[in-house]
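Scrolling down, you'll hit the structures one after another.
Below, chain A partners chain B and then partners chain C, in two separate complexes.
Up next, the complex of A and B:
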């Protein structure tokens, strides 16, 4: 324990260490503040949507208390499908600023593509994103950690203290491991503390658990970089060489590999562009519009029970039939889009351990509740909700059955069902296990290099 | 005791050390002389386990360096030409740090005592090593040998660059250590110190120990003359 303390003292004897810590604390605080602001905005937005929905429900209830309502009045008014604010928004903004967390669902908008969907890209696109805590932890934390620990013994090799240390009979592996831990501890402790703080600021009941798991992810990621530092010191013959190697490895793992993976997944599974989506929707709408009368007649032939007296469709029924046709025409495009995005994510999941930066980013956004899978669950539930809205209102719309007070409890309402904790926990723990395995592999590689003969050669 | 038994080391085609047989008894100072590249530092590195011999064996107080290098190193102390210490640590902190690496934990007052015994007063011991002279660093090295209770001491050009007073003081400490039963192997170019301090002197040329003389032999003859004669033979 005293040896650990001496290593810490040696670290802090260098004034640069204090400067490094101050800058790191500043970046952590800035990241936390940005994340918290984004979280607050999402919360305000959700509250406004909920207030609006509550007010609309109140008005409908009041009217229905007195009289019945034309279903066209109710069905035409959008219902907000709300993705509740992320459980730990201060941890990672993730995709929450790219993707809508609210979708306005009405019988007239069922086939309207979700706003912002075309911007949906590989969630591990580390080049994008805000200066939030996840950005600091995935990008900058390794840099700070390497700045503190890049010179575990390379400088000692230059100055001769390595020979002095080895001559004492110290095990170089234990010595370097102890030194790596001592040098990494201040940065690791700050990163873990900031992560736990972000977890404690979450509003979800499981925010604490998510924060603790995120701290575990950060710890595993930090251990990986310390193991990298140990490998570097097994080879580098000078502190300058170690610094250069550390910088290069950071660039490869944090910049190059994620970017390459992004390019690869987009090339393997290109998603249709927004322009293509819009063009196809327009073409389908134009075509359906031309065949409007034919479509509604065909619909009433297939569903005579919904046909009005005399099979005389009004303009709105015709519009609904056109929209249904547009939906059918757009189905393959939407499926293609969703399949491409899913396939991209699956490739990222499969190859995330090519860089622990990807695995860490995935795990942190997952824990924050701003990752791909939660958004995907939201989109799927919104699609199901649209189906429910159609199934409920469409027959009433065509038959012009007035809505009464008795219908009120049956109005389709959207409530987002979170994924079971066991599902996201399994994904996160698999990520942690993978990062730890990489750290262990680096540690073993370093151990093979850290023999007195190789170090003093 | 330090023993080299047919100790041989080659670097590619070059023989750095050729079947060295050497024995330094407890309490004895053995001076290893030789020109640059003669194999002096290689010998020390083989005793430290920093190099693996191609054949033969190095032993420290009965422990084979090849079989158990850590145990062998823990019986050794090593003082290079320039004792490398952490400049931001004080002398006493360096002593604490390096002795802990060897598994020796001592109280702070004991460490000050050892430094004082090595000739470094408390006020100096508390100063950052970055301000130390070479002689003061050598004293920390001696204190380290005392702190670890080393059975053998390896010195690589220990007096090179020391002024005569510092060299004399170092020599005094060395004799004191030897007096406590430590076997001392000193690789040096300093013929004066070798003659003054060593019980035996060996001359290494091209990796081979070409001659050994007792203190009496070298006192009767001019060591420089012997040395020059041997290395040019």
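Up next, the complex of A and C:
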């Protein structure tokens, strides 16, 4: 413990350390502020959507208090299916700047491919990504750690002081491990503090728990990079060589492996063409439209209970029958699309430990609530909601039943159900375990390299 | 003497196993990126072509209907990739690929390819451009940081200087040797990329080589400036370690921090409007008129009065044409003024942001290079805007033809009028002519200027470091 304190003292005696820490704190604060701003914007948007929905409900209720309503006056107006703001937006902007968090669901557009965008964002900004806390933690935090800890003993080896130290019988493993921890501690502590702070700024009831888990992820990721520094020092014969190796390894893990994984994912499971999906949907629609009369008659044959008096279908009922047919025709195409995207994500999940940067990024966006799985849950629930809208209004249309006050509580409403905590926690904890295992593997490798014999060779 | 030193540097570099491994890695990445990008671009091209064909069939075979209803049925048009997207895909994954053209509305280009990808793409997409912007400078640094500082540390610099070798020969020779090593590494990659390009036959293929030439020049300047800076820093620092620290910091700030920082800072001072507000305001202006004085209904009332007066009639049914079609034409004209205003403002803002980010290239050359690269490759927002604009022009022409058909071919007051295949076939197929090189140049010139500034400054820095070359630096 004494030598740990001594190492810390030495570290803080160096002016460069203070410079490094000040810059790191600045990046953390900027990342937090940026993430919080994105979160505030998402909250504003969500509130506007909710206000709008509330106002519409009030109007409908007022009218229904007085008289009954034709269902087409209600069902034709889109209902906003809203993905509530992320639980801890300050942690990671993630995919929230790209994927829409609102979808308009109306009875007439159930089969239109959703083409929403999250915001009116400059495409170059989407391409560059945000300077949020996740960026600082995944990309910059390892750089700061390596800058503080890349020279654990390589410089001593170069200057010859290492041999002197070894001659005194000091255990290099213990001493280097202590040195790595001591040099990493200030940076690690700041990163963990910033993460916990982001967690505490979240509005969701489980934000604190998410923040604590994120801090665990950050800690594991930091330990991995310290272990990498130790491995490098087992090989490097000069401080410059150690710095060079550190830089290269960082590039490989943080830049090269993720882009390669993206290539693998997109080559293995290329997303089917949206252009073709759109054109096919229109072809199906126009085909169904031509058979409109035939479709509605066969529908009434199958559902005599829904047939209007005299079996005379109006234009609206015919449109519904056409839409149902388009839905049936497009089902396999949509499924193929969905499967390809799911398969892509599964490959990412399986291979995320190829680089701890990927695993950390996935875990942080998951905990922020801006990752893939939460948005997928949203899309699935929107699809189910479309089914509910159809199931509720379609019979009323066909039978031409007016809506009354008694129907009010039964109107389909969209309420997003968050994934159960146990499900996302399991994914995050698997991520943490994987990163820790990689850190441990590096640590063991470093230990074998940092024996007195090999070091004095 | 300069050439002797350059030759020695060149041989040393290629003898260094680490450089060979690094060079091989970069070369493989460049080639793989180029091949994959070509495959992706070709697949996307084929998909869009077949979708466009299907859409045309949908349009032509839509059956008989009122020509204005056909305007509501609308048509989708698809965006084609630039042939140079093989090299730099730019913002293409983050702008839409299809736009729905219909009566009364100007829609945004929808379906962003990045929406159908995993978050891995946000780490950066493997492309030849990315490898050259980020990885090659790193390789240059790793090769150069010790070029002079290392010799100073080991004492050989003092020996060489004492032999009477001029400092400028040492510094320039080192820089030249280094550049030659990197050029030898990039030559095969460039040849393969050129071969891929030569096979690219798409719109704008004739100007591909002018654009490619400028791309080569811009990247050449970028790599050279990195080499010059690296050698200059190495010549001015006490030891290799300090030199490496300074250079790696510069690299990280330039390649990793600057792109995000610049776009966030610029966005903070030049924000884009919120989507919901943009749409509400546009709808409101379509209804109330741009100045808010004359609502659409008032404007159309005045238009009706004027039309009746001009023709000396008292009722619209007496006009010699279908009045409904006539009004549709006017209301499209009124709406298009509003669309031009709002979309123009939005697109101007995005381009303003892009230019501001490119100007931040004064602090980080990669920003200027990236902007010039996307402009020359035809994959920046300015090129996308040209597509969106062309699609909108097509929409207006297409809706105008339909409304004119209604106006002149439907009998006054006839609500049952229908047109058919003959009219649908008469409507032109959407053809997008990519903008000429002059357009790319006007977008890229500021960035090229910034890059040139960096280039000149780095050469001056190199020369300056030669004049101050000492065996020992305090």
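One rule holds in what follows: the second predicted complex is superposed on the first by the 441 of 457 C-alpha atoms of A that agree within 3 Å, B and C clash if a C-alpha of one lies under 4 Å from a C-alpha of the other, contacts with A are read in each partner's own complex, and residues count from 1 in each chain.
We adopt the following convention: a contact is a pair of C-beta atoms (placed from the backbone, for glycine too) under 8 Å apart; a residue touches a chain by one contact, two chains touch by 3 or more.
Everything numeric here is computed off the predicted structure, so don't read it as measured data.
A.B. asks: More residues of chain A are touched by which partner: chain B or chain C?
C.D. replies: Tallying touched residues of chain A, the top partner is C.
A.B. asks: With the two structures laid over each other on chain A, which partner does A:6 touch: chain B (first), chain C (second), both, or neither?
C.D. replies: A:6 contacts chain B only, not chain C.
A.B. asks: Could you say whether A:169 touches chain B, chain C, both of them, or neither, answering first, second, both or neither?
C.D. replies: First partner only, chain B.
A.B. asks: Taking the superposition as given, does A:159 touch the first partner, chain B, the second, chain C, both, or neither?
C.D. replies: In the superposed model, A:159 contacts chain B only, not chain C.
A.B. asks: With both complexes overlaid on chain A, does A:271 touch chain B (first), chain C (second), both or neither?
C.D. replies: So A:271 only meets chain C here.
A.B. asks: Could you look at A:371 and tell me whether it touches chain B, chain C, both or neither (first, second, both, neither)?
C.D. replies: second
A.B. asks: So, A:260: does it touch chain B (first), chain C (second), both, or neither?
C.D. replies: A:260 sits against chain C, while chain B stays out of touch.
A.B. asks: What residues on chain A does chain C touch that chain B touches too?
C.D. replies: none
A.B. asks: Which residues of chain C touch chain A in their complex?
C.D. replies: Checking each residue of chain C against chain A gives 18, 22, 25, 29, 32, 36, 40, 43-44, 47-48, 50-52, 54-55, 57-58, 61-63, 76, 78, 90-91, 93-95, 97-98, 108, 110-126, 130, 134-135, 138, 142, 145-146, 150, 239-241, 244-245, 248, 252, 256-257, 259-264, 267, 272-276, 278, 346, 350, 353-354, 357, 380-381, 384.
A.B. asks: Can you name the residues of chain A that touch chain B in the complex?
C.D. replies: So the residues of chain A in touch with chain B come to 2-3, 6, 9-10, 13-14, 156, 159-161, 163-171, 175, 452-453, 456-457.
A.B. asks: Tell me, which parts of chain B touch chain A in their complex?
C.D. replies: Touch residues, chain B against chain A: 45, 48-52, 69-74, 76-78, 80, 82-86, 88-89, 93, 96-103, 105, 144, 148, 154.
A.B. asks: Going by the contact rule set out above, which residues of chain A touch chain C in the complex?
C.D. replies: 27, 30, 34, 41, 45, 48, 94-95, 98-99, 115, 117-131, 135, 139-140, 143, 147, 155, 238-240, 243-244, 247-248, 251, 254-256, 258-263, 265-267, 270-271, 273-276, 278-280, 282-283, 286, 289-290, 337, 341, 344-345, 348, 357-358, 361-362, 365, 371-372
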